[in-house]
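Just so it is clear, A, B, C and D label the chains in written order, and each chain counts residues from 1 on its own.
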């Protein structure tokens, strides 16, 4: 699209990826084939078959089992970290200190202190990009929503209602993942929290209240988690947000956001149409729904990598900051505390 | 609604109904209970059980087997004719000559000559109302469409696409009815034809072309009828209309109209929602569809009777004229001829 | 519709109405003209012009300024009370003691004690109908929702999200009304509360948490009220409800309810279509939205009166009880306390 | 997506592009950057600035002003022809004879004889791919429609209604283009014609009838063209199709198709949503519409190139044949003749 304005003389960004699970593979492909301004030169994973895949399918030349040797590569400009959450903060700091630009998947960390340590290191490397993967900001519909709000179409926005609802997985994979996920709000709602802050103009969060229920997956009770959670956040100045997260939708993935202002309301993603088809049959009028988060945000994942590469090449300023990631974590943690205490918690 | 502006002093209109089939019963109930400005005083039917129903359920005092004695009632102001189509023209003329206001179900007749004879008689009784039941004109949505078009929201309207599509009746009741119905276009599309003329500003129809197919009911072939028909009408000045009529929808009744203008397009009835419910389940997102014409136009049937009563009482001028009914018949016949000849036919 | 199954021999119910404001007039017209099984025989209002209206427009014979003389009428079977909320409880008890069936507008009272006093009196008159006007239960779409839930289409319902959102009134009429309305939750959300209990199978409410904001009407601060309110209710057994009430929608009235179950989700009222029209113009694709609660629930208001009359005549059992009204008040009050305290409140 | 199943050893397809107008540039970018299995090695254009663009922006090494020298390149496996329609047939034959795989934009030619000559040449080169750009077949929604029809969800499909409607261009660019475009049906409806044949199972077309009107662009009259055209096609066995093409939509591009069968109906593209946003404001509820064909079929254009490349590499069989293109031209020409003669024309 924007090819005509770029100058081909500039060398391509040399990127390495760490972590080649489902989402890591997706990012790796986008870097290897979807973007003319970068090349995927190295990969890091403790899983040999994942490195084989990178070598054979993507033609990646340098494959590392060790994160240290991965970073210790002078011909590497930037790293993309799709590793377990518990490693995010330390790996981000190490990469920044090694002189690399960093893209790290959300959440930045499961505690505020780690987020702030990363922010401090990033501040010492002001010429390097440090970006957290709040992918929904890169979705065309969310982006246009932000533009229309900024243009004043809603008057003053004062309420966000946002949800991340996954199709029920009868196997309950996420139940096994629950002990380390940080709970439903840290895992799912952290996106909605970031969006709410962004679309409301980054007001300061004051208090959070949460509740929830276990509809289908009793195994979650062990980790004090739920499969359907509700939360309200109060912001300074009167703005409010309501979040809903569910693991048990019967029909597909339905991630939606509503921004309510004094002059209008914007709804993003309602209907969750899988495609542009509608069927009429004896069962009525129906349409299929998106199966999962990846199907919904396919374009956004591409755009996210493109903007990271553009930022590293100095061609674009990111609106998404590490401070945003810290705030999302801070609010998500207060919500999670409230779910457990049953009382409103200060953010 | 408008009660506060009416004057109660005026006597109620005394109405009689002839024909108490499904639609006749509906009109009879509307006249007996739905309108404070009229009373249903008499009924006429060759079927004794229908008269019993009128007497017992509606409290109708005067019940007649003979249409002549029905008309020969000095305490009757108006008649509503819901009799077989073949009787419409003669009964309308007889009632007008007996000094009654007349409401007659569509179509006025299955040939233009009969329509014109009725028009001539009506012209001799200018103080009596003579109204044909093009009920869709009284539907709130169609009415607002007409108002918005008149207000210029579409610029100059030049194309109408309109359909009357019924849910398939596996019993094929209408197949037995086919020999006397006038065919699918006279039976179903006559409404769409009237709407197209109304919404396009009554242009003169020049030519018609039609085709069709039998999808499910081979018995129609005997009467040269089809269960799915398509027609195009060319009007003077460049306006065009496309009609679709079907007897075989699997999911319900879907009657829709689209008016396309130089500045906008209005769609009426798309989706055919049975109610304000939407279900999400493993089968996707779905809504139920209206079962039939009566469910779709329930409010319009009420309004139609109310406007007939108001016109008889001199409180309202009707925009719908006998000449409109004649033109709808004329166009419907040209379409039907084209279906049979395979060639465009002059209207 | 159901006329064919009723027996005309039974005498018509003799009904009187007290209170002839906007909603009172609507009920009065429905009783005078919309129902063949009752007659509106008397009216009561302190406002002479309202009684004039009843006499002249509806032909009501007995008009009273005093509620006592209104009740003291042996030829009166039932009363419909559309009086100020503060009078509801006492008038209901007086009418029950006078031997009348009673329909009273919601809310039954602004405190639980009054509700329980009415329940006690009603228990002493088991052969009289006592019904509170939770009109949304009589809406065709809500009714079908309840039927489909009962039929198991959602599996086990465990979450209701429901809202009552009015178009902004720049005059802020409701601000003047705020001191006596009981606040936004008692005035608007009480319907949603009743629906949630009904659709979730009447679980016991345990706790409520609420927050809110003033977006456009600062005058509400005096009465500790808000123009946008959010509430969460926790029920025994794990079910949850979220309510949203707003006075400031820019585009119309949007009253919606979503019921989420283990096998499906039902949405009621989303889109708030004013009619079956959709416009395409340079501004995109658009539809008009319902202007207010009355336009949305026009059919429900008719049905509500019809069911009250049928219940008084012994032809129908009501599913809606005084105990339901008491519970709605109890929950609404807990929500209102939470709005003021900022803490969860026990119901 | 499917990268994991491909074998990287196979050499990349070497492709050249001829024609670098708007659509040509789009294809060129897709070949240069969007597909890992091909490389864009040469370009051909009579316009020097277009070749400059290819050289500088895409890094294309071999740039030709002459089509002959472009073809005379032994290191070229395949060509993509995005040249004026009048050159399509001859260039396709020349490229086939030069041993190249060929992708050529639709329509293949504006007369049936040329199409058949190309078919004959292609038949002499059975190991080379020859593909015409009916891009809508590669759209995910159309593709799923075809799959669902094949799976029997509609029963027996017997009617297609399909439209290609462009947003009005007040400049009327297409008016200047009209003398060589073949008219509105050859230019726009040829896609709908191909889709109808595909989705109905390739029945033989018998007759066509067309009409049209000039709503906004009187200059079209000179070439006997219209800016709004309607056509009906009759197929052997009873299937029917109705096409609508417009140049004058006020709100955007709305390309839709409806397939009606004995057991169901599929609608593709209705609503033409530009994104997943819906606005509520004083103007009602609205969404933006796609601006043009390219925005609607962005993914399909990518997929089309990917499938061409895969077919050339022997990895995929194309369902779309040259015979399909010939039939689409044959039907389009009959429709165009009917528009001019006013009579049904044999196909």
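A few notes on this one:
By definition in this document, a residue touches a chain if its C-beta (ideal position, glycine included) is under 8 Å from a C-beta of that chain, and two chains touch if they have at least 3 such contacts.
Everything quoted here is computed from the prediction, not taken from an experiment.
Note: the chain lying farthest from subunit D is C, by mean C-alpha position. On residue numbers, the B-C interface is repeated by A-D, which shares over half of its contact pairs, out of the options C-D, A-D or B-D.
Distance between chain centres (mean CA atoms), subunit A to subunit C: 43 Å. The distance from the centre of subunit A to the centre of subunit B, each centre being the mean of the chain's C-alpha atoms, comes to 57 Å.
A separation of 37 Å divides the Cα centre of subunit A from that of subunit D.
Of all residues in subunit A, those touching 2 or more other chains are 249-251, 263-265, 270-271, 280-282, listed in ascending order. Residue ranges on subunit D touching subunit A, taken from their complex, read 3-4, 6, 8, 29, 32-36, 53, 56-59, 140-141, 144-145, 148, 153, 263-271, 275-282. Contact residues of subunit C toward subunit D in the complex are 249-252, 254, 271-272, 280-289. Only residues 155-156, 158-159, 161, 207, 209, 211-216, 228, 230, 232, 234, 238-240, 242, 244, 246, 248-251, 260, 262-265, 270, 342-344 of subunit A touch subunit C when the two sit together in their complex.
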